[in-house]
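What follows is a single structure, and I will ask about it in a moment.
Chain IDs A, B, C and D follow the sequence of writing; residue 1 opens each chain.
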């Protein structure tokens, strides 16, 4: 068995343990909620009998351990219960709203990587010079405000004062796109409707930037710090001694080794965007899971709260898993650890 | 590869404007999620859906009192039974013809589900089919506003529903609730094309509607949910939205009006209330309640809802019953702040003001209420009473008011007479027999009030009803269970693409919330 | 004959918080074609910075002030511009580092790094051609299984193996000058000796001049044609290896010789930190040629 | 310590950070004297001056019930700073203790404590706080609790990593050999070595706590009105964009300024203390 597969299995195991822990934690939090979930579910006009009936069907009369058991049993069948807010199965709601959030987070993540890493690289290459100072300052500013502040500022500047981008939504309502993946950028291309694709792209620019700004700053700072450390390494001096250009050294010889330690944190930041999406979706009326999450939390919609937190945590773990694998792929030391030990 | 790139570039640089289509689209929004099942309908968004997708036996007369036939051609009453003759030219959107069976089924379903506005029909013992086009309702006891309440009995397609019963116990299983919450089963001028409770409901014109509908009426209607005020404001400015919800803060409405938006109004059959929990100390002492009611700054409240010089989201309250309804006080007898009286009442109160801490709640979905909470807080501070503000989402509020001890000291509410009759406004609020609902956070138990409410609903002649409600009004002011903020008028900012006579012309107004949004009566100008 | 490298009166100083500090106080040094010259001194004496000045690396460090004449082959290094100077690195002049394992990039295979170096010499080189050339070069440094080595990452190879890889790389483009900065000090003694031998042979066969930087006179004795002894930024003694060893003229040289008689990787233990004697003027034994 | 301070003040950027943070602290502490309308921190309404753009009278304009925005922002800083300090004062010791014991003791303690932190760390931080606030009443105290609950694991992991490597270090072994108590080894030998990292992280975290807390109140899950809070001010004002831009822009910038100040200092500290290690 290769080292990567071993690593994958070990990480999967840990993720599973953690996921069980998360489910207990969330379940526990949801069950100490004040008020009777059955009464909330049925509304103010419900009779005592109706409430009692629902209580027993929701297993609310049993101990919390038994309740958790039922919860896990249902979960294993892919059943997260009904949302009181939308009157639909929670899994259906999540399936409907998750793609919008993922799309936003993925685009923001691409921006973070596509802009943050080059900025950090540039900053490190010209360390101590003006470009470095400017980039450091800008990236520090980026991480110094919550994403909702950026959302509001970007909206004010580029949607109101300079009406370059739309205010809200994922696509203009003149387009009807058949839902295949739920990712509009994919579905529009799938349908071969490039106009709709550009419209969707145009809609995602501001929210994605608002979400990505602090990540861009974080990625730039991290890349810079790690690259500066790398620049002190003998192999960089060797590359200089062999006459490689500063650009080539920055982009290749110094970048790849410093990318590996940056990736873990960038992965965490990427995953943290799932949480920050709560803030950005609220500003841009983005019909995603986070907005759904806030709505159900405000309405104390227990099944939906548990389902949302669980699915976000699972996504979070999945992202971290992917990052770990990516690191293993990039870092020959991990990839070839078996050969080294044998 | 090259083709692909070129196509992408073309797509990116292509103008994003709409390709010209002959079809007209009306876009409007509502704060709450729309409930499509008419038996569960209760709030404004639900009403808009219901009045367009379904029809009722009768409709309120436009521009005046009384009712006209709609699905029913005519009706008659004899004692406690009412008989309706149905039109013979009505078919459901499914193609099924409308029969008396559907009416009976609709009432049974409403009563069986027991949610939404079904309480209006608690007094109805049964509905009976006389022949295919004749139906009789039998009432348990005299109930003057019965005909008026039929505007809240949408007629559903029995055959279609029975074909689509979901899972459930008993013969009727789930009464088709699963089906009805996502599909239309009505006769209405619009049918549901898609319904996404988080985003929007899309409706299209029903070509086979039994009444003639103007060509200019919108072909497609998009009812969007949960848009932020700033979003709505920007969308209307950019011509991408047509009618804003009434919950838009007044500043935003007035900013839109300055930019050239037109204003629609729907005149009040309701009011804005600050409801005091009469079971909770110190508000279980009427003197304390009277003190707060006199300390409230009514004139500032009116200023807060002004939109332009001549349009406001409400007018000064004159008492417990909105101006224009049975038993209301004259329009010039407005309520005003009186700190001296407030102090007198406070002195007479059995509780020590320094130990009071009044909980003022506001509904999270209605940001305007936060300002009223602050206004109250500052008024109470002037009286030497401490208070704190608590923001509550609607669903939580509706759950908490079920129990008197969980109900906040003061709850802010917009309440409308759902049928236009004062009975439907006041009975649910104040009668001691009604359970705790969002309408009745006072948890009032007052025998005089009960007596007047009963008299109001059973009195035969309009004069007798007016007298009963007049007495009720006086009693309510005396015990001050509620601070009457202002008589409400809904204001909607709208683009100039749409004409809605029922919302702009008093002679075409229905006097019933939401009915002004009958899309078949609107006209798109471009 | 034109020397490969000629340094005249080289000064190096740094501007820092505490003012200007001079590190090299006017060094003169020359290397003839195919000549092996050693620059010997303790750490901090200025030998490594001299190497980096020749390569043009120190010039890019901010705060460094460099004065003095630098001639490499027909080029006046001070006037050819950084771009041209860079073009000479890795092609006409190259360098071998002290610790072979850390001087090779840990995240690229030896093969990838080798190709990069080869392409510095003759740019349009197919990957297959580059690999076969790399194989041949590795074989020339007595690596028997070059394919495996090319596919390996530096951390998968032994220090001695990496040292050979580096020697092969350094000579890959047939440079006129090879600078070896304390080669192999990080390796154990026998391996060091082997690699030095190997390097010696290769330099001879490639007809490459070599500047051999070391703190160890013992090592130098066996490999250098000529020796410069450097102390605190000044050349204190210079001359043909035999002349210097037979008749060390400067007290510092004598101290160095007394301290380390053998090839070892250790530091210089027994030289006093400073001594007035060490500041005596340079002893010049003249050129061997 | 003194040297650190000198370096901090000599670098223009960290000096800027020190000045910004000092400004925020002074504004918060002396709010009663600085605010032009001190009573506007509470439930005051003034409909003569409501929804006014910035002017001489109201530097940053007024809100929708006529309160001076500048005064409210100053008082909001008070809440933000208090929240930050309280959260760190509670979560840092908890996290440090957990990390120390997990790292030093190893075995079951390590497994249980570190899996527990993994569980906490695998819920996106904001989501955990939001979920908790969804359950609890939205008050300042509960907001502190929720943020604290998501914060300690980071310190646990940080200290754990240091402690685990220190466990193998010579001086800890030496201390064990001479029979020092576990308490002594943890607190006297290992802890001091973690301190620079912890202090640097605390400075940076001060900014992050402000961000998270304002995010909670932005969603309506934090401090309740009329108490001024930067996050809820932005949320409230966002409804009135673009006409009443000052309602969002100034509170938003106020967050940026405070957090930027802490980050500048934290960055500088990281370089100084990091270099010393």
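The rule we apply is simple: a residue touches a chain if its C-beta (ideal position, glycine included) is under 8 Å from a C-beta of that chain, and two chains touch if they have at least 3 such contacts.
Just so we're clear, the structure is a prediction, and the values are computed from it rather than from any experiment.
S.K.: Among the chains here, which has the CA centroid at the largest distance from chain C's centroid?
M.R.: Comparing chain centres, B lies farthest from chain C.
S.K.: If you average all the Cα positions, which chain's own average lands nearest?
M.R.: Chain nearest the centroid of all protein C-alpha atoms: A.
S.K.: Decide which interface, A-C or A-D, involves more C-beta pairs in contact, and give its chain pair.
M.R.: Between the chain pairs A-D and A-C, A-D carries more contacts.
S.K.: What whole-Å value do you get for the distance between chain A and chain D if each is reduced to the mean of its CA atoms?
M.R.: 22
S.K.: Roughly how far is chain A from chain C, centre to centre by C-alpha average, rounded to an integer in Å?
M.R.: Inter-chain centre distance comes to 51 Å.
S.K.: Please compute the C-alpha centroid of chain B, do the same for chain C, then give the distance between them in whole Å.
M.R.: Distance between chain centres: 89 Å.
S.K.: Take the average of all CA coordinates in chain A, do the same for chain B, and state the distance between these two points in whole angstrom.
M.R.: Computed from C-alpha means, the inter-chain centre distance equals 40 Å.
S.K.: Considering chain A alone, which of its residues make contact with at least two other chains?
M.R.: 155, 160, 282-283, 298, 300
S.K.: Provide the list of chain D residues touching at least two other chains, using ranges where the numbers run on.
M.R.: 220, 238, 241-242
S.K.: Name the touching chain pairs, please: which are they?
M.R.: Touching chain pairs, listed by label, come out as A-B, A-C, A-D, B-D.
S.K.: Where on chain D is chain A touching in the complex?
M.R.: Those in contact with chain A are residues 13, 115-116, 118-120, 122-128, 130-135, 137, 207, 211-212, 214-215, 218-221, 231, 234-235, 238, 241-242, 245, 248-249, 252, 255-256, 259-260, 263-264, 267.
S.K.: Using the touch rule from the top, collect the residues of chain C that touch chain A in their complex.
M.R.: Touching chain A from chain C are residues 55, 57, 62, 86-91, 94-95, 97-99, 102-109, 116-117, 120, 153, 155-156, 169.
S.K.: Using the touch rule from the top, collect the residues of chain B that touch chain D in their complex.
M.R.: Touching chain D from chain B are residues 228-230, 233-234, 249, 251-252, 255, 300, 303-304, 364, 367, 370-371, 373-375, 377-378, 381, 387-391.
S.K.: Applying the document's contact rule, which stretches of chain B touch chain A when the two form their complex?
M.R.: 7-8, 10-14, 16, 18-19, 25, 27, 33, 114-115, 119, 181, 196-200, 222, 226-228, 230-231, 234-235, 238, 240, 364, 393, 395-396, 398-402, 435-438
S.K.: How about chain A: which of its residues touch chain B in the complex?
M.R.: It comes out as residues 35, 39-40, 43-45, 84-88, 93, 96-97, 155, 159-160, 163, 167-168, 172-174, 194-195, 197-199, 201-202, 282-283, 285, 287, 291-292, 295, 298-301.
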